[in-house]
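Just below sit the structures, each encoded as structure tokens.
Two complexes, one shared chain (chain A), two partners (chain B, chain C).
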Partner chain A sequence: MGYRLSKDGLNAVLAEFSRHYKLYAPHRFPYQGEHSDTDSIRYAEVKTVDEIELGEKSSHTFKEALIPISETLFFFTEDNIKESDPVHTGAIIFLRSCDLHAVKRLDEIYLNNGADDYYYKRLRNNVKFVLLGCSSPFENCFCVDMGTNIINEYDASLDVRDGQYYVDCKASDWNSLFQNHAEEILDVVPSHVDKTPTRVSLPDTNTIDTVTVIKSSMWDEYDSRCIACGRCNCSCPTCTCFTMQDIFYTDNGRVGERRRVWASCMVDKFTDVAGGGSYRNRYGERMRFKVLHKVVDFKQRFGYQMCVGCGRCDDVCPEYISFSHAVNKLSKLSKEGRKQ
Partner chain B sequence: MSLNEYVPFLSKILSVQKHTDIEYTFRMAYEGSVNPGQFFEVSVPKFGEAPISICGYGDGYVELTIRRVGKVTNEIFEHYEGDSLFLRGPYGNGFDLDEYRGKELVVIAGGTGLAPVRGVIDYFASNPDQVKNLKVIAGFKSPSDILFFEDIARWKKTSQVILTVDCGEADFECHIGFVTEHISKLKFADESNAVAIVVGPPAMMRFSTLELLKMGFEEENIWISLERRMCCGIGKCGHCKINDVYVCVDGPVFNYTKAKNLID
Partner chain C sequence: MDINTKNLKKNAFRVTKVRGYTASRVRIPGGHLNAEILEKVADIARKYGNGTVHITSRQGFEIPGIPFELIPKINEELQPIIDMLEINQPVRGEGYSASGTRNIVACIGNRVCPYACYDTTAFAKRIEKAVFPHDLHFKIALTGCPNDCAKVRMHDFGIMGMTMPVYDPSRCVSCGACEKYCRRKSVQAIEMVNERPVRNEEKCIGCGECVLNCPTRAWTRGEGADKRYRLTLFGRTGKRNPRLGEDFIKWVDEDSIIKIILNTYDYVAKYIDKDAPGGKEHIGYIVDRTGFEEYKKWALKGVNLPPGAVVYNPLYWKGIKYTEMTL
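Let's look at the complex of A and B:
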């Protein structure tokens, strides 16, 4: 069912949601951007529609609501272990089509690759999604080429036009709530983009000669351009890696906790093994590993592309390295490799 | 709700065998079936977890050879006596003994690489009728680095064992030189049907497999085991990924036909 709501009407719906759910949405943090006098847009808990940034792309994603940056798994006191409580027992995440496609990738790793992840599952089972329509593409987006510009599986959608809010509700138990606060009942189709200025051409993962690609000199430029800061991984909606970390409390050394924290394949120590061994010490090798993971390896393993084309890695890179350029260079290289 | 794989269980240390100053084998209480070459995540709360491969198993126990080289393993060495460790696992595929039954088998191990294959060697050395013959090359840096000396002596009763050290003095028990130098000295009835397991440092595995191929071994008859950083053991944390493979769930044991194309 589709609805048109005024701001007050939508706020009434959000207030009702807030009684049962935490609401995670893109939020503008004034003057917190990486350059002076710029804002930062990232996810936060919100209560009203004014707190939701509907006009711009967030530099960081919803994934914190499913895989917290630092997540305590359990506490230990001497030889006893107590499991942590979940950070929420119900959440509604407001996100764009590319990000909703990214959820499928997170599910793939955390629920299908090897054993179920208990901590992911307990959050994921209680999450609902509100799709934010995209009326025009943002800078660096290439969702159309990744096939992630449209999605039909959501609990509700939200578009704003001329101060009015348009909702397509698919969660049947929400319909009466929207209806009670709606100005009008009508058919609503969430907006989406059909083309983006940034284009990528993807390598054919069936015919790509991975060994040649890995040994290619195309990765060398990143040895000096990349500074291995890992911002690309932190802003990526599909990056899932983490590192285990144990801490104990300084006031009582017999008590502590085990956490997992986000990890980045671009940052030092990611591959370190005990005794001093490590792999991919050159930054270009790490860039190659990341790019191939996003547009080759994952597809070879799971049958579809990992990258969703949100372009955030390009948005946040302090060295202005473009992932989409790297993908295009990779495609060119893999085509040339086949001709030879 | 699914099982919480991350919560470890407490396992009592039954005994400790000291090989060198920095390498001990811990016999840990464990009920359940395991494959040689699988691994456990071993942890000391407050210090962290480390993946440790199974080097032996029996009724009610598994054995883990731990090398004192990191934060977690340091702590284990400091405070193990009469104590317990936290374990979770076993994880990974391990070696499939059926692949080697009825064949000429050679196991080539370098340093701590002997630990994950010790279970395989032990099995076939104790059941020599299940292979055509068993040959073992075990290499260590120096005589004081040798692991499982007593096991090696026992294996010699039923199989050909070449124990070698990179440097030191040769004697009746021990040769000098890298493992690769000894591979070509082995005699096989039929190299193209013989099977091999190679485990050790990356360079040692690379040159040993090349030597075997040169001798006429088929790629599909060679297996290796990889060591990578692993924080979860269940395909999530991403540290052990190479190409489209997660070493923790798809390995750590790989056939050479797959392993040869894995580039970190």
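Let's look at the complex of A and C:
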């Protein structure tokens, strides 16, 4: 069912939602950008529609609500452990089509790739999704080429036009709530983009010659261009790597906590192993690993692309390294490789 | 030719080495200007000067080769520039009404530079509005961060932007970028404890490297719109005892800085050497004479320092003392 709501009407719905769920949405944090007098747009818990940033792309993603950046798993004392409380027991996440496609990738890794991940599952269990419509692409978006510009699986959608909010509700138990606060009942189709200025041509993962690709000099430029800061990973909605930290409290070294923290394949120490080994020390090698993982390895294993084309890695790179440009270079290389 | 050189200098014209010719000194507070002003400066240089313009070391323009008799005409031509830059002016059409308090210098600041902690030009203009015109010889400079590209420590008042880093452990991925950049580019104020950064508040100079290099916004700039600064005092160049300015207050706010500068005008008016050549004496030499404690009493009169501001005490200056040198 589709609805048109006023701001007050939508806020009344959100207030009702908030009784049962935490609402996570892109939010503008004034003065919290990297540079002085710039804002940061990232996910936060919100209560009203005014707190949701609908006009700009967030630099970080919804992923934080499902995989906290730093998550304490349990606390330990000498004889006992106590499991941590989950950061939420139910959430509604407001996100765009590319990001909703990314949820499928997270589920793939944490739920369908061997045993369920307990900590992921306890946050994922009671989560609903509100799709934010995209009336035009942002800089660096390439969702169309990744096939992630449209999605039909959502609980509700949200578009804003001329100060009015348009909702397509698919969650049957929400219809009466929306109906009670709607100005009008009508058919609503969430907006989406069907072309982006940034275009990506993907390599054929069936025929790609990985030996040629790995030995190629195309990665060498990143040895000096990349600074291994990990911003691309931290802003990616599909990165799922984490590392474990066992922390012993400084006041009493016999008690502590185990936490898991996001890890970045671009940052030092990612490939450190027991015995002092370390792999992919050159930044070009890390770039190669990341690009191939996003557009080749994952597809070969799960049958669909990992990258969803949100373009955030390009948005946030301080060295202006473009992931989409690297993918295009890779495709060109793999085509040339086949001809020979 | 009968020219009152005292009035001439006060009107921001110069006695030059070429007899009969002056140079017009155009102040650009904060050093950032609308390109239209450049065209006007060029027009004046071509029409009335010798066609050249000097970019001064204090971010102004000096237009040389102007015959003394054209000064009223030049002042007329300067009016649109003075208007565009919103320079305080008691009488319209008569050019600048003082030159003692020098143009307020600023590095490019956060309009362009990624390291800057604030809009240097905007603050420079705010100070200019508060202090100009004034005949006393005051040099004020602003720089966006502790890199001090504007070399503010060589001025009477050096204003250096500071960022108050705020850390949110829930957003930290233990990548170590903050620790690494603080160690390698700044003052080693961060140490990793239990995989997380711990900032030594006393050591931290507020350069913002931790914030700049954090990939997750675990570090953010806590000051928001309430900008904070390091204020350095009484650096100077010159013949007798050139020296760097010393830290007076860190984490100080804009209102306090302006009040301190205005208080200093009162102090100098009281203690300046009445026989100083050209009525001009660097403030630092006056402070050397009265002692810093006397200056401090005047400087902090009616100043309400914000929470977190740290006043340094005592202050000692070094530098080269040519009057005491023996070889």
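General remarks:
By definition in this document, the second predicted complex is superposed on the first by the 339 of 340 C-alpha atoms of A that agree within 3 Å, B and C clash if a C-alpha of one lies under 4 Å from a C-alpha of the other, contacts with A are read in each partner's own complex, and residues count from 1 in each chain.
Just so we're on the same page, contacts are C-beta pairs under 8 Å (C-beta built on N, C-alpha and C of every residue); 3 or more make two chains touch, one makes a residue touch a chain.
Please read these numbers as outputs of a predicted model, since none were measured by experiment.
Because the two structures share chain A, they can be overlaid on it, and in that overlay chain B and chain C fit beside each other without clashing. Looking at the shared chain after the overlay, A:Tyr154 reaches neither chain B nor chain C. Residue contacts after overlaying the shared chain place A:Tyr21 against neither chain B nor chain C.
Once the two complexes are laid over each other on the shared chain, residue contacts for A:Thr271 go to chain B alone; chain C is not touched. In the overlay built on the shared chain, the residue A:Asp37 is in contact with chain C alone; chain B does not reach it. With both complexes placed on chain A, chain A has more residues touched by B than by the other of chain B and chain C. Of the two partner chains, chain B is the only one that A:Arg122 touches; chain C does not reach it. In the overlay built on the shared chain, the residue A:Glu83 is in contact with chain B alone; chain C does not reach it. Put simply, if you stand at the Cα centre of chain A and look at the Cα centres of chain B and chain C, the angle between them is 110 degrees to the nearest 10. When both complexes are overlaid on chain A, the residue A:Asp297 reaches chain B alone and has no touch with chain C.
Once chain A of one complex is fitted onto chain A of the other, the partner contacts of A:Gly253 are limited to chain B, with no touch recorded for chain C. Once chain A of one complex is fitted onto chain A of the other, the partner contacts of A:Gln245 extend to both chain B and chain C. Minimum Cα-Cα distance between chain B and chain C in the superposed model: 10 Å. The contact surfaces that chain B and chain C form on chain A in the two complexes overlap at residues 243, 245, 247-248, 263.
Every residue of chain B that touches chain A in the complex is listed here, in rising order: 1-8, 10, 43, 45-50, 67, 69-70, 72-73, 84, 202, 227-229, 231-232, 234-239, 241, 243-246, 248-249, 261, 263-264.
If you check the complex, the residues on chain A that touch chain C are 29-32, 34-37, 40, 42, 59-60, 68-70, 229-231, 233-235, 243, 245, 247-248, 250, 261-264, 267-268, 316. The residues of chain C lying in touch with chain A in their complex are 110, 114, 116-119, 161, 163, 169-177, 193-195, 208, 211-218, 220-221, 223-225. Listing the residues of chain A that touch chain B in their complex gives 73-74, 76, 79, 81, 83, 109-110, 113-119, 121-122, 210-211, 214-215, 240-248, 253, 256, 258, 260, 263, 265, 270-277, 279-280, 285, 289, 292-293, 296-298, 300-301.
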